[in-house]
Amino acid sequence: MSISVLDALQPFKKAVFIGLFGLFGLVVGVWANTTYFSDKAPVQPINFSHQIHAGENEIPCMYCHAHAATSTSAGVPSVEKCMGCHKAIATDRPEIQKLTNYWNNREPIPWIKVHDVPDFVYFPHKRHIQAGLECQQCHGDVQNMAVVTRVSDLKMPFCVDCHTEREVEHGRDCWTCHK
Amino acid sequence: MSIVEKYKKYRKAGYFDKFDYHWGMTIDLDRCTGCEACVVACTAENNLPIVGEENYRLKREIKWLRIERYWDGDYPDAKLNFIPILCQQCDQAPCETPCPVGATYHNQDGLNTQIYNRCIGTRTCAVYCPYEVRYFNWFTYKWDAPLEQQLNPDVSVREKGVMEKCTFCIQRIRDAKDTAKDEDRRRVRDGEVKPACVQSCATEALVFGDLNDPDAKVSKLYKDKRGYKVLEELNTAPSVVYLKKVKAHV
Amino acid sequence: MSEATYQEPRWDEVNRDVLATMLNTGPRYWWLLGISITVALVCFFGPWAYQLYVGVGAAGMNRSAVWGTYLSNFIFWIGLSHSGTLLSAVLHITQSDWRKAIYRSAEAMTLFSLMTAAFFVMVHVGRVWFVHWSAPIPNEMDLWPNFRSPLMFDVMAITTYLTASSIFIYMGSVPDFAAVRDASTGMRRRLYTIFSFGWRGTAKEWHTLGWAYTFFAVFVIPLAVSVHSIVSWDFAMSIVPGLHHTIFAPYFVCGAIYSGTAGIVTVMFIIRKYLNFERYIREIHLDNLGKLLVVLSLIWTYINIMEVFTTWYGGSSFEMEALKWRLTGFYAPLYWEMILFCAAVPLLMLSKKIRCNWKYMLIISILINIGMLTERFIIVATSLPRKFLPDSYGFYFPSGVEISITIGSFAIFTTLFLIFVKWVPSVSIYEVKETLKPLKRGSVEARS
Amino acid sequence: MSDINRRDFLKFVGAGGVGAGAGFYLADASKKTVEYLIPQVVPPEDYVPGVASWYNTVCTQCDAACGISVRTKEGRAKKIEGNANHPVNQGGLCARGQAGLNALYNPDRVRTPLLLEGGRYREISWDRALTELGRRISSLRIQNQIDKVSVLSNTQSGHIGELLDRFIQLLGTDHYAQYSVTAPHAIQEANRISFGEPTLPYYDIANADVVVSFGADYLGTWLSPVHYSKAYGKLRQGRDHRGTTVQFESRMSLTGANADEWHAPNPGSEGLLAMAMANVVSRSSAVADAGAWSQSLSAYAPSRVAEQIGIDADKIEAVANAFASGNGLALAGGSALAGTNGVAVQVAVNVLNYLGGAIGREGGVIFNSDGPASKAASFAQLTEFAQQLGDRGTEVLMLLDANPVYDLPQSAGFSAAIENVPFVVSVNSFLDESSAMADLVLPLDTYLEAWSDASPNPGVGFSVSSIAQPVVQRVFDTKSLGDIVLGLSAQIGSELPIELPWTSAEEYLRGVWLDNYLAAEPGGNEKSFETFWRSVLSAGVVGQRPASVGGANVSLNSSATSGMDFGVGDFSGSESERPFVFQPYESVMMGVGRTANSPWLQETPDPLTSIVYGSWVELNPATAKELGIREGDLLEVASDSGTLTAPAFLYPGIRPDVIAMPMGQGHTEYGRYAKDRGVSPTRILSDLTDSRTGALATAATRVSISKTGERHGLIKNDGITRTLGRQILGPHSGGH
């Protein structure tokens, strides 16, 4: 019997191939999940369309998300605020009637967060608005979204890159963003 | 900036003098009564966990600020001295060098900071710290509902395996800077930032402020003739100055 | 058997005896392997899993004593690893032939104790699931490990040492793999064909192996020294009283080699007895190792005295307090036990009678390692709880989990070693042959 | 790969499939959990998410009534801080005040009304609870048996207190008492005797030069500790010359630890000591009738009484001279006033202050013009109250935020008496020892959820009052005391609802304040009141600091000391078999037990011993050595009225013939943090009372101690409490 390594390797070929196929499958699986089952655009209790509000009717973001310029959190409009308009407008639509039900039962609407940062991150909206950022730079062109979709992962590289290129003062100091 | 320059810059003690702030504290031992109000204030502000009786027995309490007691003499001439010990925010901090992941470092305000979510828990910093003011999360501690409603949203709740320590209430500093920016001020006013312990102190023994500001109350007290730094001989260059207790008799 | 009646093995006998240890396996082996694996699972991985679940609080550490047995064991195992390098590398360069029968198992010890040590790093840290952050992996966040940290040096040093010594041992065994290949059939043959890289035993191959081996021998020695120096810096670079000593690096290195050599004696005894290597591992080895141990113990004792002396001479309140507690405090019995086992007992080996007696040597070598284990424990357990502020003085006693994991680590080591003896010739066939007298005529057919 | 057969192919496919599955699962597992974004339905006007809003209110963790600001975020209380505008605490706040949040969010709060049915509590609605109670009371009223309704309340200050009084008065029962364990009976009584002012004066520590305190722990627990701490800070370093403090007490308190000089006179001899000092002071006194006084005090020359006091005569002289030369201020409290001769001691101290010219002087004793007289019942009266429960066959007993079973010694006989009352109602935030015996438990708001108002007592030298407002929505289904009283009166019916027409405590409070406002401001009207009311709420306090803080001018009655025995007080138990004097003291963290259910305070080290979780017995190291006691040995402390066991702690700051123990622990109920932790020293106290006020003489019990042989490791912070010569307390300080 020869002592060549290659001959000895022969029988392991198939095993290797099986491994390779498995690996390939893994990649496919991940890809499939992230593309077809992504949580980027969750289904909301009310099918609210920013396209209609911010896009067609050109309601400014800060009209509903009133605190973005003055507080850490942009704030989600109160049910009362929604009703402010929808007492009159488009009251016949089923989605609006959902809203009206919430209002009549004095229940809040359980919106699902699309953009969320972990608890150990300190993200003040006001600093970024006052620095002259457009909402779209992080949230994407919401005014064209029928369903709000996360465009940027809001992970650390996303923040750091921006801080670096805009040369934010102490923008790379850990405690600027972490708490 | 080349790595060499960076290295040079960051190895020089007090390199942050050229930054806006150098936060420091003075503790007047002649005012301090050891009443522990600051300790509870710190607990409330910084989401310090309730470790429970058994862990306390094992000396696993987490108190970023603690008051140490030292007796002089014996009855009838016994004298009890109190000294609050918190992170001294050393300019040459022994705890900063050994962290393999750089979870603790000196930031531009002269603060010796700890990044909880970077910490992997080698606990080396705690070994190297001569003041023993670094506290380790041996477990993930829980709050019995509804106690968790009190937790301060400006401070993250630490999980098991993470080192934590006094931050000079950096969240309050951050808020103050925010306000300053909102009001188009370059700097935070003296006395605008008060860590929880300083705020609560009834005898005003603790004074906090910016040492880069010569007019700040803290800068003045820093030069007081009673002033000294604990374990100065270790050359850790602490940012906390203690004012020695006055010994008097009628 | 006594030296007088000693009958040198013939070359074919060498092959036969050595390969026998790999090819035919008795039930005793399987029992041993089974037990050690179970112990490893029950005593090490079980508790560790529990600790991962609840947190490091499962161990007995507390505020002032944030380091405990995990770290002291880590150092112990690193220490144990120094034997192999010393014996194979140093003795190889100094061309002392008596090494050849034992260096393989010694190197194996190096490798496996290093691995065991690595386990303890994992057990020690609070969030082991993030331990990869301590490796310099480029990332878009521009986050790097802190290269100023002695622990960082550690990571580097140990990985380097691990790599180097594994290459070292592998390279040395290539010709023997070939021998196994030639002696075996079927799957095993196939495997060893691959292991032996198609070794033919041509003059060129022998020559290449020769210089490559020497090169690595030279390369590994400074590594061995550096590794334990660096490990010592984890302590010495702190300002903790009792740890902040300039002498720590030589202290640790010497201690490491010391415990390592003792370890070899123990291992030697075992493989000699149970793998029937009486004809290869002999009194001469004992004798030499015994002398070595005596020398090391003397150096070790000297450094210990120096440590006490310098502390006393320095006279700093902190250091004195720490020393006082070490010599007279709660853990004083352990300290004196260490002195007894590592400084006093080894002196017995000055007598050749004891030095050349397998039983005595076994006992002594084990005692030495017990002593070294406690030494490492004392360094940690008596320094950290009593630092600078008396009001923060604490106390440390290992918890059940820690003790069990410590026991389990020995099982891990044993398991690895047991696996090793079945896969690699635990005595170097070809080098042993080198030491044998050249063949006589007429016994040609005896050559295989 | 020519030799691929079917089985191989299947293998490949299988591998691929498994891989894909794994990949899919991994990707799924790595997804974030769904977070919700819950909007307000109707946002409150000043509400901005992510921005903290502060509300000013009043702290009721002790009786000092400090002003506090509570930081709230998203409608939850996050932090309590001192109200910088409030003259009592001026921004400072003590540990107990900080821990108020633990009371608000305590997991062991009573969450709904509870009715005892078949031995178990059932949760019921408020309507049902109030109707039930109302029915019983009104039926008794109709049968003219209203005196079978008894009411025991914790002291209720402010207008809510008045509302309660009014309610009881309308109800018609005469069996009604309020009490507070810490009520300073002796001071008030002594001040009545000496000055005709039965009130708590304002002690101007900040401006005194020499503060001599007889057992008064003014930095820890005495009357208004935060205010005095502020003053202390000023006295030490806040002014041109540093004031000195001297402390006379058998067991070193927090104040004693901070005093420049600490001396331990024989227990109960403080009166003599004060008189001896008065004797010295009278020689150089500037007051008109100093001569007469030095005559009458001649019997108390230090040389003559030093023996009984146990302090060298010349030391007494020295302190007295310092007192006389500078602005001297003498205080008394704690164990000094807790003997059978408490009033006498305070009178002696009054004399001392008078001769030192401290009365009405800045840096002295200033009588508040409007200090309220105490409504608190004494121990004797409470014992009587308990007695009455049986005698008059009480049908309904209402406990308003009161816990007599725990607060008072067994000798008061409350637990037995309550057992025999057919229907006990407890109005309380927690299920404490007394509530646990109740048939109906009405959950009470914590002070952070309720409307009330308060004027600090002792005052600050000028009239101050503040409104306590709710800072958060109610955490549970609870009501404030005011609301309960009003709701109940509505249930009881007849004339009560007419007399008490308000629907809520808030409305009532506004009404009262409006009347006062209109009375005070002639030009005022509803509109201007609205702004006034809002300003008071936002400021948290209202009151004018006068140009100079001068009190009502009072002078010492010459007859003040007549018929007073200033000698050493009496003790229960013979000195031979009970060699030690037992001194329970108010714990800095637990007070007298009301804050024992706070996890923060349980985990905050006691300032003097650093012990947490549980109680301990303090004894002098010399004594311990003598009896072979080590720290942590479980001791049995025996008095004539009972025994308790607790671990020993060797305390250098206590007389060898005194044993001290902190109060506040040893609850048998009161929630997970307090339950079955330590022991309460009150349990073994004798029923000796102050001869003049009937207040319980807590420091008049003699005990004996013995080792049980068991050990119970104390849980504490401290390692070694000696500096070992290290320069920790500053260069060249701290001995070995």
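We just call them A, B, C and D in the order they show up, numbering each chain from 1.
Basically, a residue touches a chain if its C-beta (ideal position, glycine included) is under 8 Å from a C-beta of that chain, and two chains touch if they have at least 3 such contacts.
Predicted model, so just to flag it, every value in this text is computed and none were measured.
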item	value
Distance-to-centre winner among chains (Cα means, whole assembly as reference)	B
B-C or C-D - the one linked by more C-beta pairs in contact	B-C
Chain C-chain D separation of Cα centroids, rounded to whole Å	64
Distance between chain centroids, defined by C-alpha means - chain B, chain C (Å)	43
Interchain centroid distance [CA atoms averaged], chain A/chain B, Å	37
Computed distance of Cα centres, chain D from chain A, in Å	52
Interface hub residues of chain A, defined as touching at least two other chains	none
Multi-partner residues of chain C (at least 2 other chains)	64, 388-392, 394
In chain D, residues with contacts to at least two other chains	717-718, 721-723, 728
In the complex with chain A, residue positions of chain C that touch it	139-142, 178, 181, 189-191, 193-194, 196-200
Residue ranges of chain D touching chain B (in the complex, touch as defined)	73-74, 76-82, 89, 91-95, 97-99, 101-102, 104-107, 210, 219-220, 225-226, 229-230, 232-233, 236-238, 242, 244, 246, 252, 254-255, 257-258, 260-264, 318-319, 322, 475, 588-589, 599-601, 603-605, 607-608, 610, 612-613, 620-622, 652-656, 672, 713, 715, 717-718, 721-723, 727-731, 733-735
Chain A to chain C touching residues, read off their complex	1, 3-5, 7-9, 11, 156-157, 160-161, 172
List of chain D residues in touch with chain C within their complex	717-726, 728
Sites on chain D touched by chain A in the complex	1, 8, 11-13, 15-28, 31-32, 34-43, 48-51
